[in-house]
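The structure that follows is given in the form of structure tokens.
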Amino acid sequence: MQRVSQRPTYKTIVSVAAAVAIVAVILALGAQKNFGPQQYGQLVVAGLGAGAIYALIALGFVMVYTVTGIINFAQGAFVMLGAMIAATIYGDASSGDAVGLVIAAIIAILATTLVGVAVERLTIFPARNADTLTLIIITVGVYIAIQGVGLVVWGTSAKAFPAFTTLDITDGTLRFWGIVLKTQTLWIWGTTALVLALLTLFLGRTLTGKALRACSVNKEAARLMGISPTRMSVFAFGLAAGMGALAGIVLAPATRPIYDMGLKLGLKGFVAAAMGGLVSSPAAVVGGLLLGLTENVAAGVTKSGLKDVFAFIVLIAVLLRKRGIFAAGTDLERP
Amino acid sequence: MEPVITDSQPAPPLLVLSDLSMAFGGLVAVDRVTTRVADGQIKGLIGPNGAGKTTVFNLVTGIYPPSGGHVEFGGERLIGLEPHEIAARGITRTFQNVRLFAHMSVLENVMVGLHLQTRAGLLAAALRTRATRREEARIHADARDLLDEVGLAGRAGDRATDLPFGLQRTLEIARALAARPRLLLLDEPAAGLTAPERRRLGSLIRRIRDDGTTIVLVEHDMEFVMGLVDELLVLDHGSVIAEGTPAEIQSDASVIAAYLGAPER
Amino acid sequence: MIERQRTIGRRTTRWQALGVLAFALLLVASACGDDDDTTATTAAPATTATTAAPGTTAAPGTTAAPATTQAPVAEGTAYKIGFVSAATGGGSSLGLPERNTAEMLAAQWTDGIVGPDGVHHDLEVIILDSESNPDAGASAVSRLITEDEVDVLVAGTLSGNSLAMAPLAEEAEIAMISMASSRRIIEDADTGEARFWIFKTPQENGHNAAVQTDYLSALGVSTVCYLFENSGFGQDTLANGQKFFGDADIEIVYSDSFERGDTEFPQTTSIQSSGCEAVVVGAIPPVSALVTSALRDFVPNVPIVQGHGNCAFAFIELAPAAVEGVPLPCGRLMVADGLPDDDPQKNLLVQYVVDYTAFTNGEPVSTFGGHAWDALQWAYEGLASLEEGLGLDDRRAGVRDHIEANITNWPGTGGVFNITPDDHLGLGFDALTFVRVENGAFAYFPPEAW
Amino acid sequence: MAADSYRSDTGTTTAPAGNGKESAPRRATMAGVVVLVALVLAIGLLEAFQPGGVDVSSLTGGVITFDTTVRIGILTIVVVGLNLLMGYAGQVSLGQAAFFGLGAYSSAIFTTRAELVGIGSGLEGRWWWPWLVMVLGMALTGALAYAVGRPILRLRGHYLAMATLGLGVMVTIMFRENLGLQLDTKDITGGSDGIPGIPRLRVGTFEIWPIERYYYLVWFLAIVGILLALNVVRSRSGRALRALHSSELAAETVGVDTARFKVRALVVSAMYASIAGSLFAHFRVAVSPTPFDFLASLELVVMAAVGGMASVWGAPFGVAAILAIRELVRTRLDLVIGGAGGEQEAVAFGVLLVLVMIFMPEGVVVRVKEVARRWSR
């Protein structure tokens, strides 16, 4: 039974001590590999690069979860669809056609949004009265099916996709103080920031956005106010699918898209969202960045194969401490 | 105001709350509440909505750790104990919004209440040892007796949530009683009941007290409370504003101002 | 592939109904994908080849199949080859070309087999998917052995899967030809004895490391960093690298893994700080291309040597600029056209490339499909050697004996095989040759050019 | 989470328990057990004698092979444990395959490379050693579950799901990463390729193989597992688990130590998974990380849900249903859909999964029970 803590100062001291200990361990391990500031800088930059991708995917999880209370395991499939459809439409990755790229991206996002809507109508809506676990399993089934369709349509080979800056498969790189930064990473950071900003504006300022939030707070109340939770559910799925597709497209140049890319990315996005407490977009972005950072720094100073272990240790630590970075214990059973 | 002890004998109080406080963030829900409950009493806890009555129950049963003060029960300090440990020491309760074990039968609900009366371990249960079977048979019988007592014997096999609301409340009391508590906390037991149901409830509560269980109850229905309790504690905004016999409370000016004077609901 | 003619019990009809329902939904789902394809400008999706019934679109095999189509004297027992590859799951980039090859050969072999006694036998290739999962793979193999009663098995794309399948083949006393690389599949790890019933066709990571060692020695490096994909294959490349490099006094000063799907490679920082003179990579595309690209960016001055898992066009396609000039050991399949005419493998390699591309509507050839081709040819030849009138057990043993005794000096896609009772692979180090990526294609890179 | 899917199968809804007929559910249980035992015996005998050429495979149109019936038995044991944890105690686990894997890897490591972990290799040849290892594996897995259970089970709902998912992934990584050691210093788990050469089980010189013998062993243990679980469900502990599923708070206030019972449920389910893992290792005689990964955990949950989570009997049905669908799409899809190949299998499986969950959200067993009840009226 979770209890409300009475000693915040004690907790702060423990957290600070833990942070100091972690940094000390990182430095000690890094020293064995002769790491200098440049190496650490590189690990952090790369970590934030990977983290922004996770963050972008996490936003899709948050969107669906807040409105419907479902953890949508099909989110990874939307990411895959976005990337694969865009790559297919764009065709030859080295053609240097900027307009074509934008058109391909837009079509891919719209198509994936439609898939998201269809998924909601065909699978979530008929089972809307089922319990959460059933709905989660349904989304797992949807994921498997969509990935299967991806396999049928695109086979097992990875696609080439042009970097946005160079419009070529080979991405440009920026170098400063010996640290290398791919230009696509800037696009990923920019997109994540933009999506977060638009999402915040949308949810805070527009009527539909407010309706979405109302649904997440209380379905019954929303219904009484004339907001249809089922319509909002469709909306959330469509929006999440579109956001997933966008994520897939901006990361496509960094990872060569392939039919089964969604599983791992979906899992990571989910972990990022979970770190953020599942209900807050900014927290999900922070969660994503934290996840990417953890993975890369841990992999850099130890064995890469263990990076997921560190990622999940951080996840569990975050869950146990606060149930999300910003959120308080939302799941606590109240008397 | 000094508590009035109904008995002339100065019996040691069963439950003592000393300066009990609880703050949620900046909101002080319970503010230095001090009171005592004598053995064998029925004590009422009243006050307007949000006065902190249920929070007091939650503090006593260990659901929240208080931010200050302490609870003594039978001479033992309870702070820091888990709710189930407090239950094992003899305090059980009901909830304002009934919390039955849904999807379990009426009988099974009471059998869970008898949890503390049984010892069978997991392995013994899996192997269905002779001792386990004997114990099962015993608590089966005990649960039936208890249902008999509260008048639910005919519905033992029904699903708990299929009972009408009034009987759900009764079942919750039976479940709490099954643990054989020395102190029973009832959180608005009469809420939502019809008049005849209230009468039956009143006599049930008295019978429980007569069998030796001390009772503290939170209640809104003044008529119901006044006729039932030995003593009343009035809370407002987390603080004790009055304490005494029903007659005393009814004539207390501050209570009338804060509570009775204000039209309810 | 010959359609399976088993009668279906009444029970299955209900399942079929459910399946039809499922397919209706599937059509709805895949319609979206199709719409997008029509707007596609260049890419040719592989759907036609994989969904159409094999045999209809197949280019008729001409030279590859050694079957001679004489008028059959009599009709004998039908033969069955059981085939399991990882067509889906983590190993699908290897398993799908293998399955395509199996379907292609099945289509070429519709005439069946005529034995040495002139008796004709129908031939069926039963193709199942292991889902890249050892349990599913073993279950598929068990099905082939006990339910379908196949005469020979060609099974196992991944080493872990093959290791779970091999004991079943041994217990059932049936020859199993694996398409996975680990030596442990065909040899007892402790005693080094060949496993009686198990063969395999792919070149090994040992060959790969030996060839790499020669090249690294020629470069004159004494310290290398080793990056490997975190898979059975990648781990095995490292193990062999450690063994062979060490013998040539080349020290691996840093090694670490990466994963399929990784986008960032923090390992490069450790390579920077370790000061090694060359980086060796053991991986398969797509991630091998990405890691090459990252190495180019982060440690541009350290030479990169790739491994034989990249002998597929995808490696070049996914990072053409980065992999340009990267040397790697490969089987001769990838440089078939550039081989001298007297090379024993040249004709069949060129033919395989033509057949495969035609059968799959233009999918690029990879070395993995070649491994399936070799394995299936062995199975075919084993069956073709049988006399009519043998029981199942004898047929199974006969195929095994034939492979062990007669695959000598046998040119295949993977090299010239010489199987002996002690060596159930039978390839020398010369099975791999050094190639280099030049102008977006694999080019022969002989030692003289180092 | 899953609170609504909870259904009691202790007969409270089916039996007229009002009038002192408490033995009715017990009698129904015994009938169920008898039917299951008879079915298991019949299938085994059918396979052994194949009267008139009819065997399991031909009876099911070639969909279910005998190999599959053994796998159903093994996974049934895992899912029975999972049902106790998820269906009864209401604690979600998305990492159950890790416990399954721990059992399998314990058996694999201790029976093939015991000397590596510091145990004399003389034991490896003894027939009783693998059996002892099974028990050892259960103890190890149970101990690990106990250690992680205390902190993890403080979480609820989605948060618990995520934490168990994380634990599961970590354990699988540990298998693949040789427990974090370098492969060349001490090869304990064999990396991604895993451990081959696990011996068959024996009693003295009597080998429990060919597969017909193993089938009986597996199903004997599965039925014992089901019986034990049924006893637990109907005991003080079982009631405590179901009570805390409904309301942890209410359970606490009548004296149920919910934290302890949740941990117990986890430990028991982990031990079920572990023994099944050992059986799996000696069945496949090779282990590698894939069958114990995240997808496997997910599939176990799916099996539990399809069978009906709050029902011990749901386990064999759920496992059988999922494996049958898998085998069906694997081997017969080309007959249903002309020319379909391996790729379509995945699509079909996904779609069927969705259909099952939409139309039978409480699971097959509950659904069948309901239909049967309607017909019997």
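A, B, C and D label the chains in the order they appear, each numbered from 1.
The working rule: a residue touches a chain if its C-beta (ideal position, glycine included) is under 8 Å from a C-beta of that chain, and two chains touch if they have at least 3 such contacts.
The model shown is predicted, which means the values in this text are computed figures rather than measured ones.
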{"item": "B-D or C-D, whichever has more C-beta pairs in contact", "value": "C-D"}
{"item": "Greatest separation from subunit A - chain, by CA centre", "value": "B"}
{"item": "Chain nearest the overall Cα centroid", "value": "D"}
{"item": "For subunit B paired with subunit D, centre-to-centre distance based on mean C-alpha positions, whole Å", "value": "42"}
{"item": "Chain centre separation in whole Å, for subunit B relative to subunit A (CA means)", "value": "48"}
{"item": "Averaged-CA centre spacing for the pair subunit C and subunit B, given as whole angstrom", "value": "72"}
{"item": "Inter-centroid spacing, subunit D versus subunit C (mean Cα positions, whole Å)", "value": "34"}
{"item": "Shared-contact residues (touching 2 or more other chains) in subunit C", "value": "25-26, 29-30, 50-51, 88, 90, 230"}
{"item": "Touching two or more other chains - residue numbers and ranges from subunit A", "value": "1, 145-146, 148-149, 151-152, 303, 305, 335"}
{"item": "Multi-chain contact sites of subunit B, meaning residues that touch two or more partners", "value": "63, 82-83, 95"}
{"item": "Partner subunit C, residues of subunit D touching it in the complex", "value": "57-63, 65-68, 71, 176, 183-184, 191-194, 196-197, 209-210, 280, 284-291, 326-348, 351-352, 354-355"}
{"item": "Contacting residues of subunit A [partner subunit D, same complex]", "value": "1-2, 71, 123, 126-127, 130-134, 137-138, 140-149, 151-152, 263, 267, 270-271, 274, 278, 303, 305-306, 308-309, 312-313, 315-316, 319-320, 323, 331-333, 335"}
{"item": "In the complex with subunit D, residue positions of subunit B that touch it", "value": "61, 63, 82-85, 87-88, 92-93, 95, 99-105, 107-108, 111-113, 115-116, 118, 120-122, 125-128, 132, 135-136, 139-140, 154-159, 175-176, 178-179"}
{"item": "Touching residues (chain side subunit C, partner subunit D) in the complex", "value": "3-4, 6, 8-9, 11-12, 15-16, 18-23, 25-26, 29-30, 50-54, 87-88, 90, 99, 103, 127-129, 132-136, 138-140, 142-143, 146-147, 159-161, 163-164, 166-167, 171, 182, 184, 188-189, 230-236, 238-239, 242"}
{"item": "Parts of subunit C lying in touch with subunit A, wherever the complex brings them together", "value": "25-26, 28-30, 32-37, 39-43, 45-47, 50-51, 88-90, 92-93, 95-96, 230, 254, 256-259, 261-270, 272-274, 285-286, 289-290, 293, 297-298, 314, 317-322, 363"}
